[in-house]
Structures are given as C-alpha cells and as structure tokens.
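After this come two complexes, each holding subunit A, first together with subunit B and then together with subunit C.
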Partner chain A sequence: MGGSSAVVATTGPRRSPLTTVAWILPGTIWLLLFLIAPLVMIILVSLWERTPVGFAAFSFSLDAYGRIFETSVFLDTLKNTIFRSLLVTALCILIGYPIAFYLARCVKTIKFQIALFIVVLAPFWVAYVVRIIAWLPVLGRQGVINYFLVEVLGVVDEPISALFYSTFAITLALVQLYVLFMVTPIFFQLATLDEAAIEAARDLGATPGKVFREVIFPLSLPGVLIGCIFVFVLVMGEFATVRIIGGGTIQSVGTLVNDYYTIPDLPAAAAAATMLVAVMTVGVAILLRFSKIREVV
Partner chain B sequence: MSDTGLVLKDVYRVFPGDITAVSDVNLEIENGEYIVFLGPSGCGKTTTLRLIGGHDDPSSGTITIDGELLNGVSPAQRPVTTVFQHYALFPHKSVLQNVEFGLKMQGMDKTAREQQATAAIELVGLSAMMHRKPRELSGGQQQRVALARVLVTRPKAILLDEPLGDLDRLLQMKMRVELRGLQRELGITFIHVTHNQEEALSMADRIVVMGDAIIQQVGTPTELARHPRNEFVAKFMGDNNVLHGTIESASGGNVVINTPHGKVEVPGSGTAGEKGSMAIRASAVNISTDAVPAVNGVRVRLDFVEYLGDSIKLHLDFNGEPFLAKVDEERFGEVQAYEGKEVTATWSVEDGHLLEQ
Partner chain C sequence: MTYIWYLIALVLLVIPFSAMVFLPINKSKPVLLGFFLIFIVFMYGPMMTMGVLSFQGPFGSMTLPAKDLGSLHWFTELRAESSLMVGVRDGITKSLWVSLVVAAITAVLSLSLGMAFRRQFRGGGILFYAILLSLMTPGLLLSLGLSFLLYYIGFNKGEGMLGYVPIIGVQAVWALPFGFLVMMSVFNRYDARAEEAARDLGASSFTTFREVTLPLIWTGVFGAGLFGFTLALNEFERTFLISGAINTLPLKLYIITSSSVLRPYVYSLGVVTIIISFLLIALFLIVSAITGRKKALAIEEDGSGVDDLPSMTAAAASGD
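Let's turn to the complex of A and B:
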C-alpha cells in the first residue's frame, strides 16, 4: 500500500524549481522570523556581558553560564522542573487516555462524539489565568476542601494554607490545564484506527482485553507520543501557573528566567532560557528515539 | 438437513429501514469444497459471508457447521475464520507475530506457536520475510500473510472477501492457482466472495450466483457457463445473448419462440402463447456470408472486433441492439469481415438454452 503512493508521487508532472521555492518560502520565512531568529538572539545574549542596565553587545564571554551555575539553585530548579514535567505528563496519560478512549471507541454516533469532544474542549474557552485562579475557591484557605476538613469533618483545627501554595496544587493545576493536549491526539489516533484489524483480532479469538492490549493500544501509541511531547514541552516552559499557585515559594526554570530578568541580569536570563531549550530538545529527542515513532505509524 | 459441512437454512438479513440484504438463502456446502459467491456489488454476497463469519447476525434462519448451530456464536468461537478484504494485517507486528496471533490468543506457549506459525509461513512461501513488517511487503505477500494467519488456527472453513481484489492482473492469475492448490492440499472448505466471473469460473468447485439479495443459481462452473438458469445469470456470466419473445409452438422436446431476432428453436418445453426467453453463448454463434435461415439466424452488422489472443470476439449490431459472437481466427479469415460489413449469425438448436421466466 505504501509502495503505490510512492510511485504516484514520482510520476506526477515535474515542477519548475521556482514553484518549489514558492511553496517552501512562506513556511521558511515564518520559521526564520519566529523560531530561529529569537533562538539565535537568546543564545547571543547569553554569551554577552552584563551591564547595570542590560548587556553589552558583542562582548563574548561565558560569565552568564558561570553565574547561573554558581549556586545550586538553577540546577536544582531545572531538576525539579524536569521531574514535575515528567510527573504531569504521566498523570495526563493516566487521566487523558481513558477519556480519549471513551470518546473515540465507546461513544457510538459521530454526532454525540463531536458534542462530547466540544464539552471536553470547553475549558479552553476560559482564559488561562482564570482557569488557574479558579483553583483558589477549591484549594485556598477558605476553599471548599478546607471547609470540609475544618467545618464538616473536623479533622484539622486550622485551614491548611499549604493546600494551595504547594507542589501538589501546582501539579493538579498543570494536569488540569494540559490534559487536553494529551486527550486530543490520542482521541484522533483512536478514532481513525483500522477497524478491520480490530475485527480480524476478534475473529482470531482475541477477548476484548486482548484486542486492546495487542492491537488498539500499540496502534494508539503515536497519539500518546504526540501528547507526551505537547505536555512535556509546555510544562517545562511553565511560568504563570507556578508563579500564581506557587505563590513565589516554588520555582520553575520559567520563574527563574523571570527573576534573572528583573534583577536585571539579561545574559543570565538568556543563559537559563538556552539551558531550558537545550533540555527540552534533548527530552523530545529521547522520546522520539525511545518510541521509534516511524515503526509504529 | 446434512450434519456435515456448512448449512445455511432459510437465512434472511434485513437491515433497519426494511432493506433486505439477504433473502431466502438455502445452501449446503460440503467439507473441503471450494465455493465462490459471485455477484455484482450490493447483491448480498459479502453480507452472507459476514453472517457465516459471525460478523453479523441473520434476522432469521439458521447456520450450522457439522450439525453445530452457529447463530449467536461470536466470531472468535466459530470454527471459521475470515481473510478480510484488504487483509487487515496488524501493522505493528512482524509477519511471524501476525501469523502466530491466533495461536497466542488460544493460549498456546511460545515455542509451540512459533513452530506452527513458521510452518504456515513456509507453506505460503514467505520464510525469508518472517521478521518484516506488513508495510515492507508487496500486496501479494501481504495476501499470503493474511492467509497464513488464518490457516495456522486450522479452521473448518476459511472465508475470503474479495481476496484478489487488491492485486494486479498477473498476480491475480498466479494467486488463483496458488489459492486453489493450497485449498486442495489442506482440504479445508474455502468460501470466496468475488464480483469477477472469470475468477469464479477458474477457481470454484461450485459457484453461488447472487443477485438482488437472493441466490440466483448454484452450480459447477460448467453448469453455469452452459446452462444459466435465468436472464440474470446468463447476463452476469458474460458473453451470452439473451433473446425474448412469445412461444409459438412446442413439439418434439423443442420450442419455437417468436422474437424480434426472428424465430428461434431451443430444446425445452413450454406452452404456446406464453412468454419465452433463451440464451445463446457467444462462442456457439457462427458467422457466415450465407442467407439468413428460417430459424436461429440473424443478419447483423459488424461493429468492432476484439482480439482475445486465442479467439476473436465480434461485437455485432442487430437493429441497434448488441449481439456477441466468438469465433476462431481461421473462421474470421474465411468470412473476410471488416467493421461495418453485414454478416449472418447462426447457431444450432442444441446450443440454445431456454431460460426460466
């Protein structure tokens, strides 16, 4: 099947080189302006020297990297951020997969499927910061959980403030924010599975559990992988959620960059950002390598 | 009712909205038979196959295999297995893993199932490809993997849904012989669905022609080619000229029908004044430059000539209606016909064939 499409592609009419360039140009310009240029800028700034108001351009040194690695703060924060990203990604799989599975394979009619999918997407209609702050009435000192603990159950005397300003709360909020990035690709992967392969598995004697383990799950892995990349990368770069829910007591690489920026130590901020991008790139590379995505799809 | 083989009794399948897909199907298939369901798309052949495979349930009627009722039994529990139309291989599994799947589901241990899967892969001639993924195989090779995957579970019957449909013509011809050979070797019942009459004629022990949700005729390839029961079968089997008219007389085991093509005489019986139809195979039609005889002959114009390699198919025109003849090259040379020329088409009484109304 794959072979025939390749044949079709090569027997099409030959395009002039100019047409090819015209096709590639818009995307290339976009990438250059909004991805490559900022990245190059950040790396350059990280290599320049710090001045009281900003940086001295074209004064190359590795001092900024020296400064961020001077104490263990940056490295510890980086480790915590990686750990948090992995944890949130794992939780998103655990929560997101069943949702996607239900939507794609248990809901029978397309109409109902789309309706439910829109409901799942509903949180996206609410502004990002509002979604974060919405946790206050739940987890805050006067929130629902504390009310139950103190007034209804009476298991604690004082409301627990750590409920909100904690890594637990941050993890919870991040999962809630990003689980949709996991649900969506898995949903589409599951919804477009080759039904005949599933029917064949059943025909060959597979029980529903075995059909899932042997056929459906392995074939849905590309969706899981794409979801993992989304969630991992987004949580690695998280800044606002950590700042608001962490209340300044908990750091991520994102909040650290912001801190360096306000000192102001722009080269250090750039150096921290460069490190973040490097770690994310390595992380995604490991994910792709580890999963051998090309063999699955 | 026979208690060996596969028996379909009074099987109906009516889909919601009163769409009858399969109606009044009664069929006995002996163990080890190669059966081909033949018919145009939408005739109910694939639905019938799905009913046998358990992928759909009959609205009424029973399906039994060796006396054991299959109604309500899940596909997994049935001693029949399907080779799906586009093979439905597991894309993430190797050839070996695909083939051993059924045995793994039965709970067979790894060594035993790998041994049996390897033997099945050898049987279809793919030993060298054992560890490849389906997408690294050609269409014909994928087809063989699909076959090995069902053979290994030793079903009583294998159901094949348009098994050669995805292959190019040369490969189709090759696979016809291979499939048939494999079926003989294994002695397993094969039930094969196709819309290609040539394929059906070349492979089947018996052909079941379906049309308009019912079985039109069941018979050996020769029976169907020589004695189509009705107009549907005569037309679908191809290269038959069907003539309609009114029966003029019946005597001596023959009837004479008055048709727009003139009087025709065919073996059979009937009542004068009733409608009568007959079929005449293109290969039984002869052409000449002689005058038109009183019966069994028409004056036609040669529209165009189709070379088939071993014979020549003549597309003739009788008052705007198509008429077919198939002659050998020698005969064609004698007549010295060219496109646009008028010739006489004739056939003998015994080659004509009376159709059911």
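Let's turn to the complex of A and C:
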C-alpha cells in the first residue's frame, strides 16, 4: 500500500486524455454510486425530518440528534463502543505484532514464509457470519472452554455461564475476526525492512532490546498505524458479532443503528451513524497525527 | 469475574511480546514459534470444533460432548424438503449467481482502474483514496446509506431482477480495492517494452491492448475476479439492509441464528461454505503457480535471467 505518487507505475505508454477518461470512468461512476453517495446520504438524512415510514427529503431539522441524545442510552453505548474498539485494537497489536514479526523475520526461506502467511490469512476468506457462529461451541455454557475448566482441569465446580453473551466473549471474537487486518500490514512492513540499518545497529553494539526499540519498531510503525486504523474503524462499525454473540443483551452503536432502522426512525439511524463516522474520523486523524504517515507511505 | 479473564489474557500476551522486544532472535524464536502455534489454534480452533460437531448423529447438539460422531446426518439434512432447507438451498444458488456477476464486474473495474493508474493523471490521488475508503467503511454504514438512497428514489428493494443491482453494487465496491491492489502489483513489475514494440510496428492502441497487454496480465485480472467472487460469496453486513426478500446464504444464516432453534445443520452449512472458500483459495494459488513457472521459463529462454533477478524475487515474494 502506498501514496498515489509512489503507487503510479508510470510504465504505461503515452495516451490521449480521452483514453485516460475511458479507463477512469467506469470505476469512478461505480464508486460514486455505491460508496460516496450512500455516505453523503447518511449525513443528509440525519438532518431531515422523520415521517412514519421514512424521511421527508430536504426538510431540514436537528430533531434526529435530539431524539438520540434524549436519553443517555446512545451516549453510553457510544462510550462503550469506543472503549471496546480501543481494547480490541490494543489486543490486536499485542497479538498481531509478534505473529507478523515471527513470519517476517524468523522464517528463513521465502517459500515457507509464503506458505505460512497463506495459512494465517486463509480464515479471512471464510464467511464472516460462519466465523462468528463457530464461537458458539467454544464459548457456550457447555462449550470447549468450560469443558476444560470443569472436566479436565477441575478449577471451577460448575460451568461459567457468563462466557457467552458477555463483553469478554465479544472482545475475544472481535480480536479473532479482525487481527488479520493488523498482521498483514505489519508483516509487509517488516518483510521489507532495511537490513543494513539493523546490521549497523548491531555492529555498533546495540542490545537486542535497543535494536528493536530504535530501529525495527520505528521502521515498522507505518504498518502498525495502518493496522490500527483498519481495526479501530471496523470494530467501531461492528454489528453482527455484537448481535449474535451478545445475544441482544449487549449493544454497540451498530446494533443501535439497526434498532432505529427497524422502528423505523431512519433519521435517528442516520444521526447515530453520523456520530459514528465523526468518532471514526477523529480517531483516524489522531492516529495520523501520531506519525508522519503521509510522508512515509 | 470478567476482569480476571482480561487479566489472564493480558499476562499471556505480554510474554511473547517482551520476548520479541528484549531477546536476540535466536533466543526469542522458540517463544515466538510457540505463540504462533497458539495463534493458529486460536484462528482455526472454533472452525475445527464446528467441523467436528457437524459430523454428529441425529441426536447431536450444538455443544460438546459430541454425540455419535462420524455420521453425515446433518449434511444429508441439508437436502431435506423442509421449507427451511429449500430456503437455504435457494440462498446458496442466489449467492453463487451474485458472486459470479460481482467477480466479472470486479475484474473489469480493477483492470480499467489498473490501466488508468499506469500513468499519472489529475485527480489520481483522490481516486486512489476513494478506492481505499471502501476498505475502511464499515459494512453496516454502506448498507444504511444505500438503503436511504433507494428509499429516496422510490426503489423497491429485492423485487425482480432489478433488486439484485444494489446488492451487486455494494459487493463490487467492497471487492474493488482488493482487485485494484492485485492489478497494481501486476503493473508494478510489468514490462512495457512488448507494448512499445507493437506500437512501433503500427498496431493501434486497441489492438495493442487486446493482443499484447491482455494476454500478459490475464492472471492478474483473473485474480481480481476471484477476489470479487470469494468476498461476495461471504458478504453479509453490506447487503443486510438493502436485500429485501433476496436472501443470499450469509443473510439466511444470520436470520437462522437470530430467530430459530439452532440444530447442528448450521454447523454443516458452515463447513460447506468453508470448503468452498478454501477450494477457491487453492484455485487462486494454482493459477498463480502456473503463471509464476511460465514467467520463470520465459526469462530463462530469453537469456536475460541475471538482468531480471530482482523482478523474479519480487514475483516469488508476492506468490505470483
């Protein structure tokens, strides 16, 4: 991944402006229709009046925001969702970095490296709903974890029923679902490190800890940041995991948006979604300020 | 109680991380290998458990212990004539058709955008970030916004063939960045000399594209399409609010898990989708391997092997 200038291959033959337009047009129209227009629509609808079945276009009011902030439910859920996203992001770094490090720097042959990377990445292509459902037999009251705790280890007398339908279960499942978004960018960054810099640091007598802190980690930071942006943003907008594993007792902004949508109170759903976008944008802006990512990437 | 679990998790995670930070590679390697193996169990364990439980007998339950293992009961159950199973099979058919169309569209759009980015053009930066934006837009938001748009223009969701348009639309947008990045990596180590030769010999730009460029990059286009197919097949949140009555397989699965009494057929269905996904990955790898060998052979015959070594290693590193 890289910035536009770095990514443009400039291997192409000279061409007329008309040809360029022809190549750009289909993709641009598609993105405008199915990506940009929906996002603009969310903000617009949040500013429109509610009708019994939907919204009245171009009747501006801030009522929808009034409705979602009427009780403390939305704000509390927003806080919980932000906290959960930060927690999942932190856990993904703690898990994803050593995994990417192992793949990129401890596996010697390229063939073996590719093979292991594919094994790590393969679950990404399994249906997301199926991966959530797969947690049922593990975390359930009679699931694998309880089975081990009670029958094998005997550390608890009776199964812990709070394992499923709990925030811990949701956190665990979210980490498993999104950790690959952290592993992949860090792996690519670590695999293309400048070996000479590391050698030089070592020759100058730096301890392993120092080499990591002052050479490897700073150089891998862009990968970590891209991973953080992915995980934070995607977990903020998460809906299905919370609904299926939380069993309707635990909310996220995503499930609230869905609840407003089914009432139906479309402007309130839009307002909640707009707040979500606002938080995500602020989060990404903070992450970008952390580093000079724009220059590095 | 929950905090104890978080604490245990945190302590366990600090061990490999600090080993990585403070130990030299030859000492941290065994620790990291152990952590890697635990990670693989973490990633595949739930799916494996699901797989085991799907082979239970008729009295099997949703949790351990497994009853009468080694039976295909819940797989044959998928072929039953109950309304539920008819709906499930219908969902599979719809999913496959939608995925096929999304695959074709993703391939075409990725190809044309990949061609566009071979030279710089005004607004290229914005377009590039717009493509990547779709990676970072939560599925539910996309679904919500598009459903507003459909409501605004008075579109009847999920009716007739037209009902498939928004579904295919969002799924292709989701697959586009992946296909686009595949095309970018193809063009990044693409040798434009053949094109120039064709142009010098008087071929029109269309002929050059059809006769020279396309044969050289078709595996990339195929890869982009395959990305589209797999991602569309498994897509759920983006389709959630715009599908109307068109229930693709993931939507059907979500409806089942959130409304009816769960039986192990949910697991056997999960196993079937996992097998399909892994077969598609295998197909992708086989095609990549074949073109990789072809490319290596071509370079050998060319006699310019030394010259092209960096591009070969780059090709090997990206598995193409």
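The rule is short, and it goes like this: the second predicted complex is superposed on the first by the 249 of 297 C-alpha atoms of A that agree within 3 Å, B and C clash if a C-alpha of one lies under 4 Å from a C-alpha of the other, contacts with A are read in each partner's own complex, and residues count from 1 in each chain.
Methods note: a contact is a pair of C-beta atoms (placed from the backbone, for glycine too) under 8 Å apart; a residue touches a chain by one contact, two chains touch by 3 or more.
This is a predicted model, so every value here is computed, not measured.
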item: Which superposed partner A:Val282 touches (first subunit B, second subunit C, both, neither); value: neither
item: Residue contacts with subunit A in the superposition, subunit B compared against subunit C; value: C
item: Contacts of A:Ile229 with subunit B and subunit C, given as first, second, both or neither; value: second
item: First, second, both or neither for A:Ala240, with subunit B first and subunit C second; value: second
item: Partner chain(s) touched by A:Ala201 [first = subunit B, second = subunit C, both, neither]; value: first
item: Partner chain(s) touched by A:Glu214 [first = subunit B, second = subunit C, both, neither]; value: first
item: First (subunit B), second (subunit C), both or neither touched by A:Ala269; value: second
item: Touching both subunit C and subunit B, counted on subunit A across the two superposed complexes; value: 1, 3
item: Subunit B-touching residues of subunit A, taken from the complex the two chains share; value: 1-3, 194, 196-197, 199-207, 210, 214-215, 218-219, 295-296
item: Complex interface listing, subunit A residues touching subunit C; value: 1, 3-5, 7-15, 19-20, 22-24, 26-28, 30-31, 33-42, 44-45, 54-55, 57, 91, 94-95, 97-99, 101-103, 105-106, 110-111, 114, 118-120, 122-123, 125-131, 133-138, 140-144, 147, 160, 162, 166-168, 171, 176, 191, 208-209, 212-213, 229-230, 233-234, 236-240, 243-244, 254, 257-258, 261, 266, 269-270, 273, 276-277, 284
item: Complex interface listing, subunit B residues touching subunit A; value: 53-55, 74-77, 81-82, 84-86, 88-92, 101-102, 104-106, 133, 135, 138-139, 149-150, 153
item: In the complex with subunit A, residue positions of subunit C that touch it; value: 1-2, 5-6, 9-10, 13-14, 16-17, 19-25, 28-29, 32-33, 35-36, 39-40, 42-47, 49-50, 53, 61-65, 105, 108-109, 112-113, 115-121, 124-125, 127-142, 144-149, 151-152, 166, 169-170, 172-173, 176, 181, 184, 187-188, 190-192, 195-196, 199, 205, 208, 230-231, 233-237, 240-241, 249-250, 253-254, 257-258, 262, 266-267, 269-270, 273-274, 277-278, 280-281, 285, 313, 316-317, 319
